[in-house]
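One structure is given here, and the rest of the page talks about it.
Naming follows writing order (A, B and C), and every chain is counted from residue 1.
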């Protein structure tokens, strides 16, 4: 039971960080990142590879953060002149290609065999049997840091500029070239958080392979943002710790419903995620928590 | 080399139907439908349901599967997209990811994850003018060409086609001219679902059926539609052929499983250089 | 019986009324020009007339029948032709297709084939004859207005609403267009137009109505309004 609880909490915290990243990119900046799982995957692989090559865990994580931020910035550049529809497909394209690359370039990533033996931070100082609890503590710390930084960003002049350019194309037009820089920074900053989320994923499982990464990660992040209320970091946290916790917890329902086999239960869960996402968009368009702002108008 | 060009043509034709479907929904409904992949999968499995468990012949099963897929398409439109009609196109785009996830997992729930195939005999490939041609490739070429000609005729010469183009061009003006948007939208889903189903069957014939099959086509399909200038259904076909041939030729220098990467590179270069698409923005005029 | 009537119409957007009880009526085959300053509610009046805005109270009558609850396609089917402002042709379709669509989705008051109606329209707008195969988006502003009017007239509607026909045209082209509108008015259709350019608008209609702040300030024969010095200085500007 305790191990279920720890496992669910760890996954929820990682999902919450990914949700916060998307909330910055899409919620605040209006930039649709459909390829979120690709950046997350990149984070996990960079961290995992650096780690098995002998880098200390925190250095590996720093590497992941920097590289994912750079990759995010580069991807957003491709579609910088275009509308959100295009950014969505470009990011998705990046993610799918990355997954292909990782699956086939065995010399680098060991392909579908995956990378085992990733070392968690501070593993040497943690007594035997407390590894998961210590990891949970580290993950909470990461979540707190990301949350604090993104809250500051949301309330800074940069955050206000982002919201303004998202809601009013005229503002975006007057900003002209600066929109480019704005988008780039937003995407990079969100990417850094995805680097953290991916690294935590690698640390938690200590083994990664390409099948662990897919659209479901993206969908969870979108759910967290949509349920929480676009633009609200607090909302993302609430949504992660309720809805995503429930969904993740339902993994363990398999003992309760013996009628359905494991893959059917998984399909049912994913169906609910998809249908739920649509339902929230229809019935609760503003989400649970209002975005931080002075004036409340919204389309 | 000729063999590569031929294979590229067939690949392009496979992409052409969903690309046409995608740009049809985009031009009338004004949002990028990421559920196109799931619609392919759903269609393929709908046909499988009639073909294998019920034992109907493939042609009849395809027709029955299309009816089923069209019903699902109309249901999704009514339940998911219609309530979001007044919202931003990005909202519907996000909703379509939800729809994609839901549809794909309906398939997984009932059919499981293991690959399946239609009940067809495997025939020996033909040799024509030095080309090695499979029976499936002939089926694909003929079906796609017939479907494309049909859609083109509907677009160009029928009242329904004019109504679709009118709503795509200017929805408000179309209403003023007495065109009921709801009916046009419904017909767009009928066509789009039927095209996706046909694509699903052909992809299933070419390889196997599995719940991921449609998702793997999302990237090439979007690339083809963007190549054509996304709101231009007939140019999406040209985009698909271009992409199909380019990705086959790329196997000369890249491993074949990297076709998706070729699609992505083509798209990235195109978006940087010529965002309005290779074939301009307008509907085929003449 | 009037061909078209608004009865004490109150209408606006999001609960805020723009029209405060506007009434007007147009006799069969008559023409009315609604003029007034910017923001007077002219375009809300037009949208209410054609079914794009639903009034919160009051009635809209077309040939004596209540059409208040019908949407725009519904009113089109009842014989209401509408030429919107500027975006009024399908730009990616040929002129011929634009005309065909004008006829295809409304039952039409007269039984006539496309060919018959097409030749009637080419008689009224001979300028369009050489342009039939051209994409409407490639035409000049004045030509597009003609295509739009012809498309609206294809089903031989009893009533035609023109929304700011001179918008976006040079003064010279606007004058030419109003010559064409004169032809349309004589063609045998009840005409309602709203127009920014007072002189042109009132010059092409039998009756005029001055709308200010969503209320009717004056109505009467168009010529009389144009000549009334008080009207001109108060509401119509010097144009």
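Quick note on the criterion: contacts are C-beta pairs under 8 Å (C-beta built on N, C-alpha and C of every residue); 3 or more make two chains touch, one makes a residue touch a chain.
Owing to the predicted nature of the structure, the values given are computational and were not obtained by experimental measurement.
**Student:** Name the two chains that are joined by the greatest number of C-beta pairs in contact.
**Tutor:** The chain pair with the largest number of C-beta contacts is A-B.
**Student:** Relative to the centroid of every protein C-alpha atom displayed, which chain's own C-alpha centroid is closest?
**Tutor:** B
**Student:** Compare the CA centroid of subunit C with every other chain's and tell me the farthest one.
**Tutor:** A
**Student:** Per the centroid of Cα atoms for each chain, what is the distance between subunit A and subunit C, given in Å?
**Tutor:** 54
**Student:** Using the average of all C-alpha atoms in each chain as its centre, how far is it in Å between subunit A and subunit B?
**Tutor:** The computed centroid separation for subunit A versus subunit B comes out at 30 Å.
**Student:** When the C-alpha atoms of subunit B and subunit C are each averaged to a single point, how far apart are the two points in Å?
**Tutor:** 42
**Student:** Under the stated contact criterion, what part of subunit A meets subunit B in this complex?
**Tutor:** For this pair, the touching residues of subunit A are 30, 32, 34, 78-79, 81-82, 84-86, 88-90, 92-94, 96-97, 100-101, 104, 215-216, 218-219, 222, 226, 263-264, 266-268, 270-271, 273-278, 281-282, 285, 299.
**Student:** Please name which positions on subunit B make contact with subunit A in the complex.
**Tutor:** Listed in rising order, the residues of subunit B that touch subunit A are 31-32, 34, 79-80, 83-84, 87-91, 93-95, 97-106, 108-109, 112-113, 215, 218-219, 222-223, 226, 230, 255, 257-258, 260-261, 263-264, 267-268, 271-272, 275.
**Student:** What part of subunit C is in contact with subunit B in the complex they form?
**Tutor:** 50, 52, 71-73, 76-77, 82, 84, 87-94, 97, 100-102, 104-106, 135, 137, 151
**Student:** So in the complex, the part of subunit B that touches subunit C is made up of which residues?
**Tutor:** So the residues of subunit B in touch with subunit C come to 159, 162-163, 165-166, 169-170, 172-180, 282-283, 285.
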